[in-house]
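Heads up, the next two complexes both have subunit A, just with different partners, subunit B and then subunit C.
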Partner chain A sequence: MKLRRTRLYVPGNNPHLVENVGLYGADCLILDLEDSVPLEQKFDARILVKYALQNVDFGRSEKWVRINSPDTPFWKADLEEVLPYVDVVNVPKVESYEDVEKISGIMDEIEEKHGVEKRKIVPIIETLKGLTNAREIAKHPRVVAMAWGGEDLTAELGIPKKKALILDHVRAEIVIAAKSQGKMALDTVYSNIRDEEGLFEYARRARYMGFDGVGVLHPNQVEVVHRAFRPEEKDIEEAKKIVEAAEKAMKEGKGVIALNGRMIDKPVLERARKILAFAEVD
Partner chain B sequence: MVKAGTLEKGDVMVTIEESGEREIIIKSKLERLYGEAIRKTVEEMTTDIVGKIYVEDMGALDWVIRARIEAAIRKFRGEEQ
Partner chain C sequence: MPINAVGREVPSEINGQKFKPFAGDMKTPPEGRRAGSLLRMVPESRSKVVNSIEEVIKKVGLEDGMTVSFHHHLRNGDFVVNMVMETIRKMGIKDIRVFPTALFPVHEPLVPMLSDGTIRRIEGSMNGPLGEATSYGAMRETAVLRSHSGRVRAVESGEVHIDVAFIAAPTADPYGNLNGVDGPSACGPLAYGMVDAYHADHTVAITDHLVPYPAHPISIFQHQIDYVVPVNKIGDPNGIMSGTLRITTSPSRLKIARYALEVIDKVALKDGFSFQAGAGGISLAVTKFLGDLMKKRGIRASFINGGVTKYVVDMLHEGLVDVVFDGQAFDLDAVKSLKEDANHIETPLAMYGNPYSSGGIVNMLDVGVLGATEVDIDFNVNVNTHSDGLLLHGIGGHQEVAAGSALTIVTVPLYRYRVPVIKERVTTVTTPGEVIDVVVTEHGIAINPKRDDIIEAMRGSKVPVYDIQDLQKKAERICGKPQEPKTTDDIIAAILWRDGTIIDVVYRVKK
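== the complex of A and B ==
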């Protein structure tokens, strides 16, 4: 199972920060072409990111690029430059299924031209319109996970982000939209990079909300989040037993899985496999 | 005149200026160690550029130098940004 507990944002215009990204152990690395790149550096940055994707050792991390949003003149050029070398395209300010379809259409053309496999999309829901359409957006076949951001949303509502009670509802909606389509749900970043304890609590809360990961802004945050997402030992032991029982039943050709006289049904087995994945047990 | 890159640590600034003749100037903190390698990369990537190419290196890796040279060449050729 692919883990996306952490996705580390790295500014796409800063070669010094990009060159060591593989050492940080994040599940996903996002070379950013959007907010961290000033307008006058967009052109240089997308070329730099193209070279980075081909030359930097990303270790075991999935390679993501956050392109510019579909309402800017930059997103197509971003895709043309970097798409053949990425695993996942992270698209900000997605507001509708049609937005994803528009981007997916251009991706089709580039993939065909370069003879590469279909790349994945992770949309970022950042507006009320996007939130309203989140369940539709999650249905797109390229979408593997849903992420969200609160700045624009709270600005639209005219409330300070730190006090916005509505964000718990937004979080729940993102989880429901993603999970109802069998996709991952990814929580937004915890911006205080010095507050390790706060981050741990934040990531734990995200996990129990149903999220599969959170965004991180600093390499030091990676280990903390992975720790927060690690299941408890007793759950890991139980999950091991369930998976072993399932494998034994399969070997013996039995259709029913039983453990200590208890029937194990499919959702329980799925959850056990997920626990082992999060515990990084093969 | 076009520029690509920055003068931040680990980066390189590449400038190409209109000129009747081809000229390459390399300035690097690590010129004694890497000056030749940088020059080789610049020569290789800019063979058909007639102009003054000025490279100010801040300790960039080879892929960074290549990325910045490509950006500068494409701007020099008038590619829309």
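== the complex of A and C ==
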């Protein structure tokens, strides 16, 4: 099972920060062409990211690029340079299914030209309109996970982000939209990079809200989040037993899985597999 | 020239003095007896105070060609070396051999004295400009670098005879009792000065804090001090203390610290263990993380040797360690603790790691964490020169800590500024691979193949373990093949192993 507990943002315009990205064990690495790159560096960053994707060791991390949003003049050129070398395209400010379709169409062309497999999309919902359409957006076949950001949303509402009570509702809506389509839900970043305890609590809360991961801004945050997403020991032990029982039943050709006289049905087995994945037990 | 045990061609004579080639640690037994200083008798006076450096130089009879010594407890805040050497220059005394424990960028004013005839050579660590000038050929004779303990051995064996020791004293009384824990230029211990006070023919304390007799506590005692010279200031506190030392915030350096901690945990961490790490960013992080882990596990160490920082002092005061041995204090927390805590013990440098003694503290160390400028595929370590060949650092205690510790860990990034740190062959061998056990980088670790026990202990760990050759290739893949330094055949410095054998030499760098 592919984990996306952490997605580490790396500015696409800073070679010094890019060179060691594979060392930190983040599940996903996002080379960013959007907010961390000033306008006058958009071109340079694109080229830097393209070569980094081909030459830097990303370890076991999934390769993402955050392109510029569909309402800017940059996103197409971003895709043209980097798409053949990425696993996932992270698209900011997605507001509708049509937005995804528009990007997906360009991706089709580039993928065909380079003879590469279809790349995945993770849209970022950042506006009220996007939120309204989230359940539709999640249906797009390229979308594997949904992320969100609160900056524009709270600005639209004219409320300070730190005090915005509505954000818990937004979180819930993202989880429902994504999960109802069998996609992953990804929470936004915890920006105080020095506060380990706060980050741990934040990630725990995200997990219990139903998210599969959170964004991280600093390599030191990776281990803390992975710890927060690690299931309880007793759940891991229980899950091991369930999976073992399932494997045994399969070997013996039995249709029914039983553990301690109890029947194990499919959702329980799926949950057990997920627990072991999050516990990083093979 | 003979080839030594690390494969380096070394001369058998330096500055007209015979030296043996390095044969391996503890492979060259000592000969002879300890050397002594002049016996002397002081006049019937209750004060040894002399009012100026010039006057004291006349009194001790300093002449052309003699050897003067200094300690480096005031580090980059030291005024004493410049003050004394400038006076010597003005008095027209020539051909001095300067024998410091270490010199720093603040001692740059000595550079012109290398060419004006005042100084014929320096035997000691040269951090920064003096080392650089020497690399380009500024010194008339050949520099000799020794480790802290190697220097003690040289003095005790008579290899170096000190004519006059000038001892910076943050506190002194008129009869020559000295300490480093009080006064405006407090530095903590006076450990480096002790051997000089004992073995020099003449000893001069220089102080900016003259207190009534008897000064207390006492680090260097009155019967070893001939004269006391009060001056305005012996140093700048901002350069003496490093301020609040900061743990590295670099994620890749923190990764190195985490990996080093994992090695310590798997190999050596148990009740009563002992530990030494320095004051560099990675070492501080290792110390801090180790303290946290010990607290979590309820483990208590027997002693920490140092190089003492706030992080070590905190561990002492939280009951995580029984005793701190202190040869050098890096911040005011360490100075305060040394003054107030009986379990924080000032250790004379002769007790540190002199191989020709009845045994140093390093022999009791379980874990030593050290840095390096370069490491090679034979685990040889360079701490003296950079990859461009320039001599920019001293040896410090690297050799003896590496030789003494049961587990010696060298923490280094795989490369710095896109220059590989792990190389096929180090520019200069400071410490031989035979005493290095584990090299830790941000990409993973390499274990010395002769340490089966460590290889076994690290099985099942999440830390990636590589052959050192693979780390070297990885560095080269990222950075490209490094250029060799551009040097001439002139030897500008000899690097001695702690037993006084030559482990390597440093060549003059082309401008």
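Basically, the second predicted complex is superposed on the first by the 282 of 282 C-alpha atoms of A that agree within 3 Å, B and C clash if a C-alpha of one lies under 4 Å from a C-alpha of the other, contacts with A are read in each partner's own complex, and residues count from 1 in each chain.
One rule holds in what follows: a residue touches a chain if its C-beta (ideal position, glycine included) is under 8 Å from a C-beta of that chain, and two chains touch if they have at least 3 such contacts.
Because the structure is predicted, anything quoted here is derived from the model rather than measured.
In the superposed model, A:Lys50 lies in contact with subunit B only, and not with subunit C. Of the two partner chains placed around the shared chain by superposition, neither subunit B nor subunit C is touched by A:Lys93. In the superposition on chain A, the chain among subunit B and subunit C reaching more residues of subunit A is B. Once chain A of one complex is fitted onto chain A of the other, the partner contacts of A:Leu23 are limited to subunit C, with no touch recorded for subunit B. When the shared chain is aligned, subunit C comes close enough to touch A:Asn220, but subunit B does not.
In the superposed model, A:Arg142 lies in contact with neither subunit B nor subunit C. When the two complexes are overlaid on their common chain A, residue A:Lys120 makes contact with neither subunit B nor subunit C.
Common to the subunit B and subunit C interfaces on subunit A are residues 19. Across the complex, subunit B meets subunit A through its residues 4-6, 8-11, 60-61, 63-64, 66-68, 70-71, 74-75, 81. Contacts from subunit C toward subunit A in the complex involve residues 251-252, 254-255, 442-443, 478. Across the complex, subunit A meets subunit C through its residues 19-20, 23-24, 218-220.
Here subunit A touches subunit B in the complex through residues 13-16, 19, 41-44, 47-48, 50-52, 54-56, going by the rule given at the top.
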